[in-house]
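These are the structures in question, set out in turn.
There are two complexes below, and they share chain A, which is joined by chain B in the first and by chain C in the second.
Moving on, here comes the complex of A and B:
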């Protein structure tokens, strides 16, 4: 369920040239075509979707480089 | 004499270079979104926001886009370790005559130091559609 919600955010805000539905959980989103600025839009949309606020130290490229890493970042904020 | 020149060149050689381009429309869209305040807080320092303020109380999207590109270009110049840095780790500051330079927070400065980088030179540009930045890291 969390993965589906992350994919939905990526599909809407990630500006990916490929369908978010077809991306493996460990696929590198930047290699898949997500720009850095789109990654910020994804961060903002994830905060909205999951009603959380990422602390500064989590606002890194590496934290948002894959669905797995996003899921892990959310888990540290208590989103399971 | 020659040895001294060679020694200086070796000491000041570029150890990394980064470039990035940003669509100004992407920044404009973020500024027009309901989460514009969070976007500004998440990515830009207070000084950067102040430097990009317009006379009518708004924020210049092109200048912000150039700063966004500078952060990304600096990360590229610093290599893989910079993947762990947050957006405000690199800040564009203006000198007395308006020339831009980069200020690093403590984690970014540690990475630069570990690479032997003593200076990050930055050049910014923006026009209505795109903004871009180049950063050269030297010893």
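Moving on, here comes the complex of A and C:
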């Protein structure tokens, strides 16, 4: 469920050249073509979608590099 | 890490080279737009090009704070010498902080110590809109053991004077533009096809025309860590730190010249009011703002660098901090130099007086353009949407 919501955010804001539906959970999103600018929009949209705020120490490139890492970041904020 | 004494000895040696060599040739370097050969011969003689190489590989074992102080001292006497020195140290920092335990790079660093090799970088590229986080040129295999690249570089600072080049490229021909690596090639492996001539407004001694760069090399010459890591942990923050120390050095010398002018005026007419003295006081305020931004950024870098796995340097808050340093200091340094010209009047405007600050003003004006400030503002605007504490 959480994975599906993350995929939906990526499909809308990630500007990926490939379909977010088909991405494996461990695929590197930057290698798949997500730009730094798009990653910021993904972070904003995730905050909105899950009603959380990522603290500064979590806002790193690696925290948003795959669906798994995003899922892990959300888990530390209590989103299961 | 080297001892405090090693750092102090290095600083003394750099100050001596700055005062005795860089200062003596600064005007001819500027006028002729030529490489500061004398300064670099002296720096090589002192082993300064390997200051950041760890001691167990034969280097000076010094840190970013030492390189920053040295960039400041050289910048005070010759902006171009300071900037070339700073850029070389940035490349060395990228190697020593990201080579992991690669045997090839370990051998290379030993040869850097022995031969005092000068490293230039090829990071900007025609067609990327100034975004050094993306590449068009790619590492391209030609056979089982040989790799090649061809990169259109709009500027390569001191490219024709360097012994080695550190070049950013896509990892492979089918990699995304943001999937970059950094490759170190020696002059013997590289062909530089000049594009255009070099006759700029300032920083004339950096000799930074455009080139088409072609090279063939082996796989082990690719730095092991991805450039996204090298960039955020080292190349971007250390560039902004060392550049801003050069600009602070130039602005400090402009201020010193303005102060010398005011003192000379006061001595000529003891007891008479010196109108320029008040302008100098205003100028001190401007210089102190620049110094505050530059010095606090260095302290914040050292603190962030000391966090486990340098994790603080990977945050967007950290990117914002050092981007802001670049923008603020590159705008403030020419402001100070122009203020110094206002204090000195015509003798500051003339190129051949003890109070000349034209070169200072021209040199510092390059700062806002080397990685355009507007481009950094766009990045910051985006990061500010999600960063929480600034």
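As a working rule, the second predicted complex is superposed on the first by the 80 of 80 C-alpha atoms of A that agree within 3 Å, B and C clash if a C-alpha of one lies under 4 Å from a C-alpha of the other, contacts with A are read in each partner's own complex, and residues count from 1 in each chain.
Keep in mind that, in the parts below, contacts are C-beta pairs under 8 Å (C-beta built on N, C-alpha and C of every residue); 3 or more make two chains touch, one makes a residue touch a chain.
On a predicted model such as this, the values are computed, not experimentally measured, just so you know.
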| said: Let me test your reading of the model: by the given contact rule, A:57 touches which partner, first (chain B), second (chain C), both or neither? | reply: both
| message | Tell me the contact category for A:33 with respect to chain B and chain C: first, second, both or neither. | response | second
| message | Is A:43 touching anything from chain B or chain C once the two structures are fitted on A? First, second, both or neither. | response | both
| query | Of all the chain A residues, which ones make contact with chain B and with chain C? | reply | 35-37, 40, 43-44, 47, 56-57, 59-62
| note | Counting only contacts in the complex, chain C reaches chain A at residues 133-134, 175-176, 178-179, 228, 232, 311-312, 314-317, 379, 382-383, 385-389
| message | With touch defined as at the start, can you tell me which chain A residues reach chain C in the complex? | response | 30-37, 40, 43-44, 47, 53-57, 59-62
| query | What residues of chain A sit close enough to touch chain B in their complex? | reply | 35-38, 40-41, 43-44, 47-48, 56-62, 65
| task | Would you mind writing out the residues of chain B in touch with chain A in their complex? | result | 20, 22-23, 26-27, 30, 33, 35, 38-39, 42-43, 68, 72, 75, 82-88
